[in-house]
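Pasting the structures here.
The two complexes that follow have subunit A in common; it is paired with subunit B in the first and with subunit C in the second.
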Partner chain A sequence: MRLFNYGLFRLAVIAIVALAVLAPLVLVFYQSFLDAPFFQPSAKLSLDAYDFVTSDSDFWDAFANSVMLAAGMTAIAVPLGAVLAFLMVRTDLPGRALLEPLLLVPIFISAIVLAFGYVVALGPVGVFSIAAKDAFGFVPWNLYSFPSLIVIAGLMHVPHVYLYTAAALRGLGADVEEAARVIGAPPWRIALTVSLPMVTPAILFGGVLVFFLGFELFGLPLVLGDPQGLLVLSTYLYKLTNKLGVPSYQLMAVVVVAIVAITAPLVAVQRRLLKSANRYVSMRGKGVRSDLMRLGGWRWPALAIVIAWFTVTVAIPLFGIGLRSVVTSWGEGVRLSEVLTLAHYGDLWDYPNVVRGIFNTIGIGVIGGAVAVGVYTLVALVVHRWNSGWTRLVDYIVMAPRAMPGLVAGLAMLWLFLFIKPLNPLRATMISVWLAYTVVWFAYGMRLVSGTLLQVGPELEEAARVAGATTGRIQRDVTVPLVRYGILASWLLVFLIFAREYSTGIYLLAPGTEVIGSLLVSLWGTGAIDMVSALSVINVLIIGLGLAIAMRLGVRLHA
Partner chain B sequence: MPDLVIDDLHVRLGDNDILKGVTFTVPQGQIVALLGPSGSGKTTILRSVAGLEQPYRGVIRIGNGVFFDGAKGINVPAEKRGLGLVFQSYALWPHRTVFENVAYGLKLRGVAREELARRAKAALAQIGLDHLGERYPHQLSGGQQQRVALARALVYEPPVILLDEPLSNLDAKLREEARAWLRRLITSLNLSALCVTHDQVEAMAIADRVLLLEGGKIVQSGTPTELYSAPNSLFAAEFMGANNRIQGTLEALTGTDATLRVGDRSLRGIARGVTRLGSSATGVIRLERVRLADGPGENRIAMRRAASMYLGERYEHVFETDGLSVRIFTAAPIEGGERWLEFPHDALWIF
Partner chain C sequence: MDFANGIRLFTRLASVGAISLGLAAVAAAQGLPEGYPANYQATIDAAKKEGKVVVYSSTDAASAGPLLKDFQAAFPGITVEYNDLNSTELYNRFISEAAANTGGGDLLWSSAMDLQVKLVTDGYGQTYVSPEIKSIPDWAHFKDQAYATTYEPVTFVYNKRLVPAGDVPKNHDDLLKLLQTKTDAYKGKVTAYDPERSGVGFLFFTQDVKHYPRAWDLNKAFGKAQLKLYTSAGAMIERVTSGEHTIGYGIFGSYALARQKKDPNLGVVLPNDYTLIATRVAFIAKSAQHPNAAKVFLDYLLSKRGQNIIANQADLYSLRSDVEGEATLKAVEKAIGDKAKPIPVSTELLDSLDQKKRLEFLKQWQAAMKGQ
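Presenting the complex of A and B:
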């Protein structure tokens, strides 16, 4: 008599995942068709909320701005990312080994930290703005403008396009380029007419991804767009909280439905593109990697472009926020030597919520990350090499939260904890934050773990099966021991993602559930720039430490 | 131990019929080889027996123990069949030592610790690797890994051992040694074995019986001698050995005696499934059966030598005459120019 039935266990795991992932979405849809918050007994079905939102001109402005922002940043990120990938993978650009990890930094640093950095570095009274004013008599840029927002967002998303293009280029045989070279094409010509066209599906995927991320964008438009009254869908949603003075859940739900209605098809398109991109790469030419293409005199201008991109996207904002965190005040005529202080860091310890936030951030990264990877591993194992409709179902289920921007997922999770009475006591604990993070990053985590699992040759598992091991036993004795380093690497990456996360925790922010990210957003609202700067630096340091460990262990920084 | 019986096995992958009704028996104590080109379904048979592939029709059983019965809906999972399988890639677990690899099957069967150590050591001794138990698989040579894979499959004394291209990962020299060693080990332990291979020399060397497969069906089965010396189809004749192919038309047929018309010449041979006079027919003769003759005679043709190659232990020559090209072996070098070649009529099969 067997006490443990693996088949039932499988279905139970799938059911729990489906519940955790789909319940928040279903709740949001349900709420959007009510005329009052779901917890009010008087709430009844109605389309009033849709009427209200669709007749609000701010909503349509925000919608148009979101589309423009997404399109604009895609237009900037795609060509830059593609060219960067070609330079890094196919040419003898100097210092590639050093540049490679730096290129991925914008992915791992919180966008809200970079946004603050831009304000204190390039804002009207920013460090560099004042220097420029001293030099030229005026500030040659205006940070608080829509074009600035688009350019910054575009530059920050170059790594996303770079990653997919570079991966595809690495898979491309050198012979196709050599053929062009022998015929007489110079490097730039080969890039434009041979290499990049051959990896078009990967570039396209990167483009759709960036366009999609444009709708998710929250930190940048909040910090850079809000002061000029520029709203995008996510900031419109955020502002809606206070719009009517009472909790306008039904209106927020409608905005969420609108956002998901845009992002869900984009997620579906990405899925399709990823498949075709993989097909394309497998059609590559043959031949081993030959020596790299020589850029000749173009090496240094090319390097200068890469360094300029890194300076504007990462170095300037980080320098700005770092400097701002060690001065008492900043403005015209201030002399650095007179204002230097470390007091802001000391002051942080006077605020119990900030102290909790720092420890919670480390805790959710280290412990929450470990538990989340445990969950991802369990689900990945359940569908591992299981040829069945259920596997595809799980694939689709875990993609669903991708369509929810972090802000939205946090809100949906808050409602879920309010809606389901037994969960109420957990709402103001880190468990709610952990659940929201785990659900939001489900697709990412599953991709990390299942990619690792697939590296175990199927015959190693079959050998155990023939020897007499059951599925559970095979996974315990063969699969998991073989992938333990891969799972460790996944934990590090999930740590980085969780420590960086800011938008998912915003609606869950309560005494006890503070994390640095959500604290930063709320402190920014109160204008506490000293604390924001110091806390931002601490966040960057935590992530920097994680990145250093990851690189020391040789973890690949992308899934 | 009882025989392994496979009856009318059908396997389909998607819309692809991989096995279209395969029936055979592996008698106790015999080695049966599944031989065929890639895509003929030989590995699918092995994986179906192991339980790693699911057929949709047919029966797989050992004695009265049914593993699979399509009609009755019985399908014993692989881990409950208790068979031994040696993978083509060996599939040794890289995170376990040689000893742990071998002992795993016993551990799964709840064998007590001392007993387990004793039996695993005995299995390692059997393959001559008892001194390497503490090593990890990557520290062994290819030949040693292959032996460990075999010990791992033998240790829990399965009724039948399944071998998937067991020698294909070894280099040519090692393969011949391993072949002899493998056959000796299996026969000395009086085991039943089912072995998949695409190499006809390997199949004939190892097996008591050879099943030749094509397109998901068994086209011929028999002892290696039967298969080599009496192929019943053109496919079987050409798959085994090195052959000369002679295209012509069927000129005469009396009983098993057939005459092949090639140009303006006639060759007498053994009829193999040809019936219609005047229809096109193919004569097949093994390279080693064509003889040099000293002058004209029955089944002899004068041909010119076009090329000559030294192969080490013998010589190979190409002879040509209008439209006909024939290769032969000789033990010693021969003179060039025109020679008479004899095609002994009992060695020439006409399909």
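Presenting the complex of A and C:
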């Protein structure tokens, strides 16, 4: 009888998740088949929007660029991420404890902040570019070229591959590596021929994820592709907003459908890769201890690789944005010593909406993040070790909102809050923003939590079952207590993600619902670059603080 | 944060506290402004009863700050709930809310002149004859619903360090000649709004065609000089001051002026053959839940007091001829005489939203960008 109830509970949870997650997407799909905004009485079913988009040469350019961008960045992120994971997890690389959080930093900083930092640092008249020009007589790079965009995007997504590979490597016994070492193989050879091949599914999983993220990349191409008119699907969508003068939702919806059509099969691929999930099992009834491999002479070159990656991906753009926040002007012919100022930070306090935005950002990260993790944990528990079609379904549907660029997801959420009357009063509150964030990051949060849950060896849960505990009891008394640190870590990671999110909240922006991310976008548009840079630095500091607390608590920053 | 800022923060907190405690108690005995009908006091009283006005605006809070502060001082008891959104988001949000029949903005104030006129012609506006109507130019109001509130010249900006004095274009012909004779020197150095991605850009470039017979020659010259196109004035000005680009074409004078005050290296030119004048259009929503407060706010925007702040603190350029200062209609007329060409608030603006015409224009534009 109890079991039956639990089954019902499971289905109810899945139904609610499906509703919350699919509603925006269904709305967008429906919109794509209309000839006017869905809420206009004159709207009729029509395929005109598809005709328009597919006969627009810009669409196909953007499409091709998106494919190249996604493929290119995957090609860069996968090998680098895998090698970094090997170095961090399996070797005695110096300073690992310090490097670990740094490795994950790019995940947590707004792409738009980093992109703008790059412009100040490496743009045609950036500080480093001018220095290079003085030294060599020319600037050896062109930040706005397509290859630069691919390289930057690739480097920025290294942490995604790193995360999954590192998690898998941690679960791997050291015995096979030791065998290889005994017969005299050097570390790089062990990495390439023994350790990494054994975690191929995890690496591929990370790779598919990066490819997927390549399609919804927005901030980087928006800022770096802007001067050359380089379009990818997400920026093409942005362009459509104005192409006909009046925002044409049906056209935007068609592009979203196109993105979903490309990314949906990727989720299927990921699903197949996850089938080897039991390879990740690491927290068994019996501990497995593994010794670290000595790098010997390879230590310093290996460290140099990590530091070089970090410098290019994080240090340089952050230096750029930090510099911009303390000067009134920059560029060719400007002596920075003459334009230094702290006024931009003081000015922020003159704007109550900015002050509210800062507090709201912390609030949605800390409180909203905690509640969101609660939701993710509940759903993850519901499908935990449940071999059923429903589990597969959940896996698919939670990925769905990720296929929508944040801006569209935000607009769809606004519609839901407007047209579903009971939700109406919540619209101008932080609850609307929280719901939007929670839905958009559902897949990410679920992965974090379910990854943690999978670390609990099935034998522990089976032991409880043999002792007669119900599923609910097992989860409450065995699974959850064992993974409490994992859940705490998930909370921190979700905090960081929520604190940096920028596009989803734009349409929900109102007095009282400001968050730093959406303020950055709206200020960027009106030209208050001084404030944008200062606010960016504050955002980075909040995130830095979150990271510091995580380290202090000894939370391992990985699922 | 330095000491002065600390004080500022403190006074801010103090004043916020005072407002929330209810400044109404202070009983600001303000007389009616000159020329207002006697029953206007009733509107003010009703507005105070409503307590607040919800403004949707494309003017960022940074520029609007002084205006809101002064309105608060003039009409204690009416709070302004100020939403700054970009003009597209503003439009999207407003029509969505209207369709859902949920309260939204009472007053819409946007620089997307064409979208504002469209909303009014589509019946989203409320008729209200402002007592200030006689103090603003004829082109500045439409159907007794939409009102222009600013007088912003569309300017050229340039980087004083990097553009030699002899090259600085004084008008459109100068610019055309400069691009034709020094194409290589200015390749990739000129920037403008993208008419494909920005409504404002589209409006400006179509207006150019109306006022400048050689507009398409200029556009082709832009194409040959590899014009760099952006969607925000901020991004363009930032890149001109940094020297990444050196000349910005079609930039709101208001933003340029505000930036120039911080960075004197930015040069601003009002072209002396013709200078387009853009404006921020305000109207009261038919669905306004605080209609009286919206009226009071609109009248304040147009009033001498409000316009004085618009000119001298917000740098948005006043459109009243009786307001003094650098950013005023008067100053613009002094600089270029009758060459100022305001874009009238009228149905003519709807032309640019006609799909067929729009796509045709963009096709021609794309060809021009290839230098054809």
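Throughout what follows, the second predicted complex is superposed on the first by the 417 of 559 C-alpha atoms of A that agree within 3 Å, B and C clash if a C-alpha of one lies under 4 Å from a C-alpha of the other, contacts with A are read in each partner's own complex, and residues count from 1 in each chain.
As a working rule, contacts are C-beta pairs under 8 Å (C-beta built on N, C-alpha and C of every residue); 3 or more make two chains touch, one makes a residue touch a chain.
Please read all numbers here as calculations on a predicted model, not as lab measurements.
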Touched partner set for A:Y345, first subunit B, second subunit C, both or neither: second
Partner chain(s) touched by A:S329 [first = subunit B, second = subunit C, both, neither]: second
First (subunit B), second (subunit C), both or neither touched by A:D61: neither
First, second, both or neither for A:D48, with subunit B first and subunit C second: neither
First (subunit B), second (subunit C), both or neither touched by A:D395: neither
Touching partner for A:A467 - first (subunit B), second (subunit C), both, neither: first
Dominant toucher of subunit A (residue count), subunit B or subunit C: C
Partner chain in contact with A:D35 - subunit B first, subunit C second, else both or neither: neither
Subunit B versus subunit C as contact partner of A:P481, first or second or both or neither: first
Contacts of A:E459 with subunit B and subunit C, given as first, second, both or neither: first
Residues of subunit B that touch subunit A when the two form their complex: 50-52, 77-85, 87-89, 91-95, 104-105, 108-109, 152-153, 156, 162
Residues of subunit A that touch subunit C when the two form their complex: 37, 39-40, 119-120, 123-125, 226-227, 229, 238-239, 241-247, 328-334, 342, 345-347, 349-354, 411, 414-415, 418-419, 424, 427, 506-507, 509-511, 522-531
Interface residues, subunit C side, partner subunit A - complex: 1-2, 4-5, 8-9, 12, 16, 58-63, 65, 81-86, 88-89, 91-93, 95-97, 99-100, 102, 114-115, 118, 161-162, 194, 196-199, 202, 228-235, 237-239, 241-244, 255, 259, 262-263, 265, 352-353, 355, 358-359, 362
Parts of subunit A lying in touch with subunit B, wherever the complex brings them together: 457, 459-460, 462-470, 473, 477-478, 481-482
